[in-house]
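Encoded as structure tokens, the structure appears first; notes follow it.
First chain written, first letter: the chains are A, B, C and D, and each begins at residue 1.
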Amino acid sequence: MKMDLEQLRKTAAEVVARDDVKYLVGWKQGTYGYRVAPGFVEDAAGAAELIFSPLCTANLATYLTLVEELPIPRGQEPDDRKVAVMVKGCDSRAVTQLIVEKGIKKDEVVVIGCPCPGVVDPNLLAEKYPETEDQVEMKWNGEGFLLLRGGEETKIARDEVLAEKCRLCRYPNPVYSDIMLGDPVEPWETDEDKGVEEVEGKDVEERAEYWAEQFDKCVRCYSCRNVCPLCYCQDCVLDRLNPTWVNRAVNFSENTAFNIARAFHLGGRCIECGECERVCPANIPLGKINRKLAREVRDKYGFEPGVDPDAEPFQASFKPDDPEEFIL
Amino acid sequence: MSAEFNPNIVAFLCNWCSYAGADLAGTSRVNYPSNIQIIRVMCSGRVNPLYVMNALQQGADGVLVSGCHPGDCHYMEGNFFARRRLGMLKDLMEFVGVDPKRFHMSWVSASEGHKWKEVVEKTVEDAKEAGPFEGFRRRQIDW
Amino acid sequence: MSAMLLNKEKWPEFVGKLTGKKVWAPQADSEGMRFALLAEGEAPVPDYNNTRVPPKGVLFPQTETMLKFQVKATEVDEPELDQETVVLGLRPCDARAMAIVEKLFKWDIDDPYFIKRRDMVTLVGLACNDPGLNCFCPSVGGSPASTEGLDLLMVDLGENYLLEAVTGKGEALLKEMGDLLSEAGADEAKEKEKLVKEAEGKIKRTVDTEGVPEGLPGLWEDPLWGKVSASCLGCGTCTYLCPTCHCFDIQDEVEGFDARRCRTWDSCMFGEYTLHTSGHNPRPTRKERTRNRINHKYSYYVDKFDVIACVGCGRCSNLCPVNIDIIDTIRQVKEAL
Amino acid sequence: MTEKPKVGVYVCHCGINISSTVDVEAVAEFAGKLPDVKVAKTYSYMCSDPGQTLIKKDIEEHGLNRVVVASCSPRMHEPTFRKAISEAGVNPYFLEMANIREQCSWVHEEIEEGTAKAKKLVSASLAKVRLLEALETTEVDAEPAALIIGAGIAGIQAALDIADAGFKVYLVEKTPSVGGRMAQLDKTFPTLDCSACILTPKMVDAASHPNIELLTYSEVEEVTGFIGNFDVKVRKKARYVDFDKCTGCGDCAAECRVKDRFPSEFDQGMGKRSAIYLPFPQAVPAKYTIDAENCLYLSKGKCGKSPKCQDVCGAGAINFDQEDEMVEFKVGAIIVATGFDPFDASRKPEYGYDDYPNVITGMEMERLVSASGPTGGKIKVNNGEEEIEPKEVALIKCVGSRDASVGNEYCSRVCCMYVAKQAHLLRDKLPDANIRIYYMDVRAFGKGFEEFYDRVRRENVRYIRGNPSEIFKRGNKLVVKVEDTLNSRPLEDEVDLVVLGVGLEPRADMREIMELLRLSQSPDKFFLEAHPKLRPVDTATDGIFLAGCAQGPKDIPDTVAQAKGAAASAMIPLARGKVTINAQVAIVNEATCRGCGYCVNICPYTAIEMITINRFGNEVEVARVNEALCKGCGSCSAGCFSDSIQPKSFRDSQILPQIAALGVMR
């Protein structure tokens, strides 16, 4: 599949030229190496810098709710213009779920959908093809990827560097968008979720040990929470001191509590974009926890978040015949 | 050691069914283990699933949540929400390595004093099997 | 000061002779590398680029108990901090950071916790032969073999480590090793010089900080802050992983009747860092917070202590989830001047 | 915000109910050392007057502003102590009870464990009481009307009392006529009054009372709201007969093409009725109803050339286009008087009720002896071969009562006497018959009951102590196999008629009402009263009361007494015109609410709505609670990710310290 960059930039320029659009969030070339940065575009010049490539891992939907609302001086009107955002398949589920949860309203956003054949895991890529200071270009190339660096072209097999979330992806095409770019991609056969199964395969004590090691590393930088498009409370309970759900102290106990609480709050809401795991500076496999819950919710309750903007939120609804085999 | 281990169990009971059921067990002089301490809430739907985590963190070896049978909720639907939330929590806790024996949920009606006894016995027995909860307890050893 | 040689094969013995001291060394775990206490008998050879989390926690733990007490009582227990400690194989940038932070902790008020730990620690650095992608220490006054803050510098010469004492503490440690070491000669000194030069040559990403400390205040209202911070998630990655960031928060934690007062790292990138009880926040958005982070490192600290509070370790650039790259930011500042 | 907590802890001995298993002095001593506790005392009965006075005095002397009472269940005495401290000037919601009786001393044996647990419970209560908030109750108007569900004798009596007091009553009856079970009875024990004779005047009164709106052949579909303000929806089922035009002449039933084809409900299936029918001659209202299932025209679409009933009805009352009608109204109180079902004798197959026509139930016997019954009061039974007048009669008591094998452990309270009464009536009609009663015990506890039992025995009715194990056929006789337990002799008595003294069971359709009104069941599956002794007509839901056999088996005088009690209780809010709104409602922190609307979805009372507020110039949506509708269940709160909605008195900030207190004291 070839992403037509011309079309993308043209569309972006048109969108930001609209009177009712404040700015557009897309992806742009990062400052060095494999980095891709979120680009905040307000004009045609900015639009010309946008890219869409296998390096565009970030889920930009998080920027829809990340904005801090400043007090508006008397006599001034709030800026009610829309924010445009470019989304991959997984990202679009975040937008959908935000609509379900009233985090955003449909008419507050312009969603530009980008069918996505799968992105790379930047760590895997850097491990196999060491990162240098040179900026690179990366493209989808038939079944694989093409890395262009310093005039050199390297073909990389898809399986070699494909991100884990993409191996499991069932929604490569945006489920919700106002504007769709390019043609839909053919969904692919998904792998078994080996990461989750591996942990499930352990006995309970081994699992405790496994997670103890993981949570012990947590530095509580809250990047997992902040990057999550669905963690959009202005005032997170886990920051709160009265009542204190989780102490500020960074130790295994509080870290575990933090991680359990975070994962639980995403139960039936996580759309498996994998951002939490990507951004974790301690390399904690947060995706496994989220995917585990997502799978339970899908298998046991027949519910999948972020696919239907008119759905009832999972944690705010029930079915009379919800499973209860665990109840005494 | 395990024979002498006396688990500390925190239970959350809805006011209308399970708490009344536990009261009935008392009125009927049903004898059961004293390991269980009850916190009364108006409805099992009030039980924030994170209470379970919090109780374990703060020193409980086991947690029980009990409400009205499906369809009997004094507030119509609270126990359905509790069931969904706590069912999910149980999956999560198990996955992160908390022994599922440490957390139980039950339906006990106001008339089921004897069932209450059975539930307590099962909860205590399971917590004993699981042993003292060291996991992510907010211990003072690393202070 | 003396320079000695240690054959790498004798490394375990070298480490073994430190018994009785707490020894921190870089160790591999599922995160990559991090500094952890060595268990008895362990002596991993420090072969790494750098740890994700800097070793600043040795002197300034992420969470430390300041005192313990009982509810309704008047007596307090203070922690004992007089255990001799050695940090093995930390990078010169991280050691430099400790020296920079020390200025703050010894400034208007002596911080007893930091100072006590500093007094008890011997820092054994390892010069960088192979700097990482985002290393830029020379741009901010450092070097791959800087000895600032160190008591002893090790240079990997292949078969041997060259050990150069920097302070009396380093000297003493060398003495303790006795005949495990042999005298180093002029060849080794030359070899070291060559390696350092090579290392410096490998540093590609550099930035000119000339005029930045003086110029930053004039850029207070510059649009660059809005641009730089637009993608910021407001997480603590850059500050927590920064070897010179030293902000903390103090909390009382109560468990039943037992309580402790503890301090934990805090981050100026968090909204509630400057949040007032009234609800007012003088740094209400990520823009003000980002601006503060750069200004603090490159301007305020220079004003106060005459040194840039950035050692060029590159961690924040490496690990920022959204490519907020301090090298690029300073370049933008420079351009805007 | 509030002044520093000064807590008084009061540990009750409850005679020896608590103190025998809990060292109350040790608990008080322990409590005295806890933070913020100013006084900790014990007393023999905290709930007694002197006990309450002790608390009040301490409040005055020590300036206490919070109170922990460690005694019985808060379900028992929370209101008592709330009242007490409020009389001493402390907000009633600054109270927390530690349940050291029902959930401690009564269920544990060792004093060490009881004491240890009591200490933990007290410290948990203390942890919470320190953080409670003062709450104020508010009042709203109460609708001066009542809904009564079920128009048997209980419903009718309650309706008449309330209506007589001047309040509007909506009396809803599922069947086409009021009267209920009592209308089916022949004579009543022990006075032998004719049941119909004493009931029908009341039925007529109810129908004609200006304050009573009678809704027969109707079902309650939906009840929302709360005490003083219930919104009720009732479905008036289509009768296909114009209620106003029908004169009750009966021409239609007489001419119905399927005349007398269907078992009459009123006659327990022993008699027959037409598709258009009046349940019984004295039915009120005396209006005919078409049974749509059996009516040829309504079920098949065709009834000859034209429906006969329509042809013959002089008043032109037949209306096949009639549809169910929804009626909506508002009431301040509700009385549930839905009655009982007789035990289904098929569930005791050993008695052959399904196999032998001459095995009948007590209810059938009532119709059989009734002069208005299917046989005109003649005792005729079919022994499988021919219709005979029985010479040998057996009456069996406790069928479906006091019988764990069918799940009914309770005594139905009426069978002893109605079986005696039926023996008496049979003796009247069959002077020469051999009448035996098989019994486990005879319980003749009511006024005039023992005398009546003596009288029946003197009438040559044999009481045989034994519970028959089997009834089977031998020739044209039924054999009652039983052991006479007084002389340990096995008997096989051959009889012509067996009357099964079936007990009373909760109605098969009671679940609908349970779900409609959110009521609970007691172990016997009848509706659960709020307190078995002190609030026998109340339910757990304010403003909803119980009357008659819906709450448990009882005879007519007890039913009437309870109906009057329920009526009196129901009239309290109606007469006061105001009700107090629960103060323990949820409240939203609008500063942290993220406006996701989860709570709105969760709330079963539609008590939460989204509103737009101005947050420093920005318009944001947040949740807001309608306090009059909120019940304080807190389901919203557990579903709120930002902790922004919290039920007062059960806030996270109040519960987490409780958890901590229990956890830390391992």
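Basically, contacts are C-beta pairs under 8 Å (C-beta built on N, C-alpha and C of every residue); 3 or more make two chains touch, one makes a residue touch a chain.
The structure displayed is predicted, hence computed values, not measured ones.
By CA centroids, point me to the most central chain in this structure.
Centroid comparison flags B as closest.
Could you see whether A-C or C-D has the larger number of C-beta contact pairs?
Most contacts of the two pairs: A-C.
If I average the CA coordinates per chain, which chain comes out farthest from chain D?
Checked the centroid distances; the maximum from chain D is C.
Centroid from C-alpha atoms only, then distance chain B to chain D, rounded to Å. What do you get?
30
Quick one: chain C and chain D, Cα centre-to-centre, how many Å?
Each chain's C-alpha centroid was found; their separation is 73 Å.
Per the centroid of Cα atoms for each chain, what is the distance between chain A and chain B, given in Å?
36
Multi-chain contacts in chain D: which residues touch at least two other chains?
591, 602, 639, 652, 656, 660, 664-665 - these are the residues of chain D that touch more than one other chain.
What parts of chain C, by residue number, touch at least two of the other chains?
255, 262, in rising order.
Multi-chain contacts in chain B: which residues touch at least two other chains?
Counting only residues that touch two or more other chains, chain B contributes 49, 54, 57-58, 71, 77, 81, 85, 138.
Write out the stretch or stretches of chain C touching chain D in their complex.
On the chain C side, the touching residues are 71-72, 255-257, 279.
Using the touch rule from the top, collect the residues of chain C that touch chain A in their complex.
Residues 29-32, 34, 52-53, 62-63, 133, 204-205, 227, 230-231, 233-237, 240-241, 249, 251, 253, 262, 264-265, 267, 270-272, 284-286, 319, 321-325, 327-328.
Touching chain A in the complex: which residues of chain D?
Those residues of chain D that touch chain A are 591-592, 594-599, 601-602, 610, 615-621, 639, 641-643, 651-653, 656-657.
Which bits of chain A are touching chain B when the two form their complex?
Contact set of chain A toward chain B: 199-200, 204-212, 215, 245, 247, 251-254, 256-257, 259-261, 263-264, 267-268, 289, 292-293, 296-297, 300-301, 314-315, 318, 320, 322-324, 326-328.
Within their complex, state which residues of chain B touch chain D.
Within the complex, chain B contacts chain D at residues 8, 10, 15-17, 19-20, 22-23, 25-27, 29-32, 34, 37-43, 45-49, 51, 54-55, 57-60, 68, 71-78, 81-82, 85, 109-112.
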